[in-house]
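In the part that follows, the structures are each spelled out as structure tokens.
In the two assemblies presented below, subunit A is common to both, partnered first by subunit B and then by subunit C.
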Partner chain A sequence: MPRQKLIATESDVSVEVETEDNAETADRGLEEESSEVVACHKTARRGHGRSASKVKEKKPQEVQARRSKVKEKRKVLRDQCKEEDGQNEDVPKRSNNHRNKRTKTEQRGDFKRKTKDEGDEERSNISPQEGGTELRVKIKTKGAKKLKKREEKVETSRALSRFSSESEELSEEESEEQKEVLTQEELEILKEAVEEKKKLIANLRAKPWPMKKKLITLRESQEFVEKYEGALGKGKGRKFYAYKVLMVKKWMKFQRDFENFKTACIPWEMKIKEIESHFGSSVASYFIFLRWMYGMNMILFGLTFGLVMVPEALMGRPYGSVPRKTVPRSEQASAMDFAVLWDFGGYAQYSVLFYGYYSDQRAVGWLKFRMPLSYFLVGVGTVAYSYMVVIRTMARNANRDGGGDDTSFNFSWKMFTSWDYLIGNPETADNKFASITTNFKESIVEEQESHKDENIHLTWFLRVLANFLVLCCLAGSGYLIYFVVRRSQKFALEGLENYGWWERNEVNMVMSLLGMFCPMLFDVISSLENYHPRIALQWQLGRIFALFLGNLYTFIIALMDEINLKRKEEEVVKYNMTIWEASLYNGTAADNATTAPVDPADVPRGPCWETMVGQEFVRLIVSDTMTTYITLLIGDFLRAVFVRFFNYCWCWDLEYGFPSYSEFDVSGNVLGLIFNQGMIWMGAFYAPCLPALNVLRLHVSMYLQCWAVMCCNVPQERVFKASGSNNFYMAMLLVILFLSTLPAIYTIVSVPPSFDCGPFSGKNRMYDVIQETLQSDFPAWFGKVFNYASNPGLVLPFILVMVLAIYYLQSTSKTYKAANLDLKKKLQTQNEENKKKNKKAALKAEAELEEARNAAVSKQERNVCSQQSRMETRTFCEGVPPPGDV
Partner chain B sequence: MGNKQTIFTDEQLDAYQDCTFFTRKEILRLHGRYHELAPHLVPMDYTNNPDVKLPSALIVNMPELKENPFRNRIVESFSEDGLGNLSFNDFVDMFSVLSETAPKELKAIYAFKIYDFNTDNFICKEDLEKTLNKLTREELTPEEVNLVCEKAIEETDMDGDNKLSYDDFENMISRAPDFLR
Partner chain C sequence: MGSRASTLLREEEIEEIKKETGFSHSQITRLYSRFTSLDKGENGTLSREDFQRIPELAINPLGDRIINAFFPEGEDQVNFRGFMRTLAHFRPIEDNEKNKDPSGTEPLNSRNNKLLFAFRLYDLDRDDKISRDELLQVLRMMVGVNISDEQLGSIADRTIQEADQNGDNSISFSEFIKVLEKVDVEQKMSIRFLH
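Entry: the complex of A and B
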């Protein structure tokens, strides 16, 4: 059986050899090897008096045969390692060592006979031939497996040749000896094969094969690994190896289970997929962004809730024990009213939700939890974590879209990548078809007349006008907000009780209304400009961004004014307080020192500007959320209901006519989300409840918007894919993050905290808490080291080094970019050259063809026997590209 | 789908997980979908690998593919016989490649197959014309189609043989900003 197989394969080998990938390297290795082998031959045979010339003469054939065998063998080994179990010598199993030996010798006998049959002229000198054949067989089996192990192999072959030439009956011992050596190196080979198989298994899913082939390959390689993994290693190492393999297997299993679990944990996956199939990837991208935001806020919420709110609520002093934790006497009557609570006054104000409630005890509870320090660090950690997440996501997104900046493949990209494979809704598909068609038409028109002669002056005038109008809008809205905030301060000074609902909520309402109507105004204005829709969208986004930002900053500036007012008020209160304390002391000391202490509700207290800031932000978030939901309900749901049911009894078609159904506004919604997040970042330090509120809001938004989209929106007319613009949103988020942390950090660093509320009361600055902790909780040397480290003499050089590093990295990236561009250019020129060359060749071929044709024609004219020449021409034609292609 | 043991053995599920980008649950869900397409043809018990093939007409009408202009090509290029008849293995394979976790290179290979209408391993002009007509529902005039196809070939064809080989295609598609699917 083995003999037949080998013979069969051997005849095929010469054909297959060429297809081997590394045939060349194998050949080179073999040649080197063969020269060495020849040397061995010589040394081995010198004693027997064989002539070297004979060996040399034999060499080419030998090498040829061996080479082909080697390749065949390698191939066979790769595919059939496990089938060769019983008959071949690849199996290092010691249990059936003996049997193996037998088969091997038998097999070698086979080979001997075979080669004898083959080589006719070598039949005369049988004994050296036998040695040579044995050698050949040996080398074949080994060289097949690994050519890199040449030295070892040569050693074996030397030993082998010595054995074989010395005596024939030693064959038993000889194979025993071989076995030892072989198992050693075969182990290596086998190990490699097993590794290879493992790698194959790991990469199988990315192979472009049909599933059947994949499954078969998987099963085979798994069996192979199963079988030989246990055989690897020996003695002590063997046990360890088996253990390792077992552990790796267990670990893989665990990883897979964990992966399964993780994907099962991703919320709203099905919902988003459904929306994706109905509205395309752009709308889905909004929901994915929303989910991402939700995850981030969950972490922020966990931080503030677990490290700040819960410890204070459980371990801090209870409500009513100190003035800052008690509702003042004057407010107590209305402290539980819903209107007050809705405004986050009354009991809500004096609770863990706001900064003012936290006490300045250095350590709370039996855990000795460092409350002020924790508060400070959580505030810093929130910001740091947000930066980290945003930047990491941006970097990952940047990696993913691999530089699609050049527009050299305009048409091809449009052709091959414009379809959104996620669309599963007929209406969306219709829109998509329409948009692709217009897209193509546009680019065709662009291509045909790249320099359109329009009235450039008019366009420019209109664009400048539009920008002027937008600027006016922005300035107006900024002023309006400033005006409203100042007015509300006046109201607040005079007492809010005298005013109605509108005066109370004026600021928030005005901001929400501006955020609602200004974008519409911008949309109208942008129709003046006559930009391409994509550019128009970017302008629109930029303008809305500027509007929101301006509003937010005006709001902050107004808040700053208010903070300053409150601080002045605080001075007055402080002064009054001393008088009050003195009078209290005077009044009570006269009677006795043990009178009941003053009720904390009666103690006069400062305005606590931090709580005021927190309240403002919370109110803003709540009113913003309410506006969003109400617009959603009225603008989308009621409109859809109206259009749907009044369409039966209306003069014109409502569904396709004027009101129609609303579209889902991705960019507006994303911007809203981003600004909402900005407010969270800004206010979270003064109102620890903000992340919790935001999580709630996002959660509700998810369900509400999913429902609204599926039930009352129609797919956009301008369906565009959003995968590329993801980083655009992220970049905006980063800008907002930076801008919103600025004021927060400014207040933390430069405004002294209130004297009678919050965890930092009594300190000069909020960050003094670090100093205090260092002094009292750490050993003295640590404080010293910290002091040295924070010395300007050290910090400044450090910053300098960082700046230099940034500069260095930036310049290297610039050079890389330049090199990249250069290479690209080179590639392009090369391509063009190639094209030219091919064209030239084609032209030449065409000319030749023409010539041949002419010749044929003339021949035809001249000759009667034109049959032959026509045939020639036709065959010639086939070898040359048709002239139409040039 | 409550008793998963009756559909696949654990080994089968593991094997499928090794060969695709899916989790166990998703594979079971896929089987559910496959079963739904033809409940009388597809058995619930897949432990002994029954040889069942569904005709392309059934697959193409899945909501995931129904609106896709290239649905027939997709199904054809994943089927073993090239006619669009999918066994469950082919079915899983198709969704694995189309899933979002599949690497770009793999997708490019299959995308090339999909756009290669006449399966001659080159995207020639006829293929491009067909692609374009499917994309625009034949709303462009023949001259426009011709122009676009010529432009596309001119842009992408690197070796000047007036048709796109896989290398050309891969080079072009790997730089595309929104080849993500």
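Entry: the complex of A and C
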């Protein structure tokens, strides 16, 4: 360490400090309050932020108390400093700085006493007389020392030594200026020192010292840490610090508990985790999807239940008050039969479960609840909410997968990350084992496939043939459903009572059976195509999707036909009504005496197509649910029981042979769930009970399927990556949402509502309720504004702008994507180039090394040769035989 | 169980382990009871057989490698300290640990140390490089005899080709880090230890 230089700089700067300190003492002594001097002070104190005026304000009593405190502290710090010194002696590396420091501390020891006295004097009596030369000299030395320390700080940069010197300085400064709390900077330093000690403790093991020294150091540093960690602040600060530490600890504990609590609150989390550990993430993804659906349906249910069903049930007119709320006379006898109720006829039909029950009162109850408006808005809100949720989830998923590029380290990732370390079940482990193998095989195949293209004509022919067959299947199933629906209409016209159970449930059964057997057929057909398994799976999903969709739409078209039929019927009923009313009027007029009120059950009424549609959907959902459960019980449970128990007395191994246990069919189940949801969206407007039913179904499904999976399924052989297909499901859900809201919106917008049932009865169109509300419940200007806003002249440009914005955003995103791809390519090529370069360099270096070695060897050889020859000559001269091999 | 475990474990030992690994007091006592329940020989150390009794490790094709990671070089027994030191790799990274000064020694559960742990699983001869032979051995463990040697060889070649950057036909730790750059190791290589 350049000691000379240090002293030189000290003396240089000490002059400057002297003047400052002079100014300070003068200031203190004469109690001048010039702002300049204060500013000067601040600079002299290195921005510690202590102003002289503060010092002056302090009262003598406080001074006394503080002084004792300061003394205490100083003692502590001095002890600690000694400790430090002792410890530093142990550190051989530090000996360099350390010698320096020792001398300084010795010096300091002298100064300390002086400054202490001086500080006491200063404090006890701050008077102008005391500010003499003597003091100034002392301060000068002190200033020099301070500077020395500053220098040292710069030079050593070691927190430990810095701390000791700083704290020394600190104690002095404090005694001199009566500071009561540590400033931020000093606190930081102290903290740093504590940290340093901790680090020392952590690294002690690796230090090349004798054991005894290590132990001593360890004990000392541990004591130090214990002592100062909690007491970083002093006095008030310490209490506050302790309090803070306590609170932080409490807070952490609370957070941890809260996290645990939160995990415990996630419904079915444990069940899903268990399934995940047994069946891998793809099966778990189905259950997570199911849970997500459940959550969404809960909200839909809350909307319809809270805003439509409950108000109507509580505040609307009671049952039996008006014709639409009463079971007609002809049906009353059988209205409570279970068969009828199971078909959602009878009392179920004339209840809050269906559209027809709701009355067209503008406001119900003492709350003046706008029932029709609420009904309409809830219908719209359900759809809007679903769109929002689905799209938001999709965007989030896309964000999540969007970050990584999987292409560059394909094999490495397969190599290093394919095993799922959470698998705890041997069977699953075997499957994972197999799946890794298939995965590798797949990637080998993929590698090979990208090079070869053999017999392309045959493949193409087979693929076209397969698609043709699938199309035939789809058309056939569509026609079958259409045919069945028409037939059921015929049955309905003739009266269902004459037919058996099959005729009554034909439509639903046919749809369910088609949904069960067509996928199997597709599976067989797809084996023709010779696609890569993953692509084949997507084709399969797409085809089943198309099948379900076709079935659903055929069903809807048939329903539309039925709606038209009912509307014709309605016309007739309407006409008859007028006649009936007239006759009634005439009759009562003739009677005159008693105005016999007509029983609402006797009033003739229209067919109410909305309720019919709602009923159809509810029946469909119920039968679908039943089919799902029954197939689950038969296909999974009974099969498992059979396989398990007949295996003992069977000629071949049932468990590993033909029937074996069933696998959990993720794609089929997900599709079933999606279509079920589509039906809910379609029918919810006409049957407010549908979300409730669906919640019930999903709830039961959750438990039943969890049980079935754990008890009678075996893990899939083809474990495909779940996270990738998640958005695929969501995309299908979005398509279904769009397709299922189309018919609902079409009927709302273009078909006039029934004249005698439902909340919109008597209106020309259902959305007229908005117009009505605007006219009667809002101020006139609002209606005017709304009228203007809904003017086509305003709406069309708005739509145009929106389309343009979408176009713009999409094109920018495309550009970004392209740029991204470009950059990625560039990176890749750069990487490759680097690799090549490195390889070349490595080769070159190797060659050079080889060359050098060769050269060295040859040189050595030459040396040896020459030596040998020399030796030979020597031996030749001396007559000693030459050494065999050198 | 827990009380028995904590009586067997001395307070200062707990303190030391706490400092070294960052586990909390209750976690340490809990893990200690787990340790003693695994320790069938009841001699305060675990042997390889003790580990192999854990079903998750027994079925894991890389189980042997993981078990190996618990043992220091050339030893057959691991004591509680060593056990905890290995487990500390899987402690989740807490928020307040993230913004610590980088100059200090890295805690055992840092991203780098987690990756190093994973790297060691593949680096059979501990020469800080994963060579083609080592890859082949691990592949063999993972796929059994279902794939021919030639194909495995090509997989290993492809893997090295992807990951190798300096052309030495092996994967060094820095290259390994590069490969797993996009993998959320902090989260994936964490176990939620009960408190």
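The working rule: the second predicted complex is superposed on the first by the 580 of 886 C-alpha atoms of A that agree within 3 Å, B and C clash if a C-alpha of one lies under 4 Å from a C-alpha of the other, contacts with A are read in each partner's own complex, and residues count from 1 in each chain.
One rule holds for everything that comes next: a residue touches a chain if its C-beta (ideal position, glycine included) is under 8 Å from a C-beta of that chain, and two chains touch if they have at least 3 such contacts.
Values in this document were obtained by computation on a predicted structure and should not be read as measured data.
Once chain A of one complex is fitted onto chain A of the other, the partner contacts of A:Leu704 are absent, as it touches neither subunit B nor subunit C.
Within the superposed three-chain model, A:Ser418 lies in touch with subunit B and with subunit C [touch as defined at top].
After overlaying the two complexes on the shared chain, residue contacts for A:Leu565 are found with neither subunit B nor subunit C.
Applying the stated contact rule after C-alpha superposition, one finds that A:Arg219 touches subunit B and leaves subunit C untouched.
Touch criterion met: A:Pro208 reaches subunit B, while subunit C stays clear of it. Of the two partner chains placed by the overlay, neither subunit B nor subunit C lies in contact with A:Leu373.
Touched residues of subunit A, counted separately for subunit B and subunit C, are more numerous for B.
By the touch criterion stated above, A:Glu195 is placed in contact with subunit C alone, subunit B being left untouched.
Subunit A residues 201, 256, 260, 403-404, 408-413, 415-419, 421-426, 429, 433, 436-437, 440-441, 444, 447, 831, 834-835, 838-839, 842 lie at the interface with subunit B in one structure and with subunit C in the other. Every residue of subunit C that touches subunit A in the complex is listed here, in rising order: 19-20, 55-56, 59-62, 101, 104-105, 118, 122, 135, 138-139, 142-144, 146-147, 151, 154-155, 158-159, 162-168, 176, 179-180, 182-183, 195. Against subunit B, in their complex, subunit A makes its touches with residues 201, 204-208, 210-212, 214-215, 218-219, 256, 259-260, 263-264, 277, 400-404, 406, 408-413, 415-419, 421-426, 428-429, 433, 436-437, 440-441, 444, 447, 721, 723-724, 831, 834-835, 837-839, 842, 881, 885. By the touch criterion stated above, subunit A contacts subunit C in their complex at residues 195, 198-199, 201-203, 256, 260, 403-405, 408-413, 415-419, 421-426, 429-430, 433-434, 436-437, 440-441, 443-444, 447, 831, 834-836, 838-843. Remark: subunit B residues 14-15, 17-21, 23-26, 63-64, 66-70, 78, 80, 87, 89-90, 92-93, 96, 98, 102-103, 105-106, 109-111, 115, 128, 131-132, 135-137, 139-140, 144, 147-148, 151-152, 155-162, 169, 172-181 touch subunit A in the complex.
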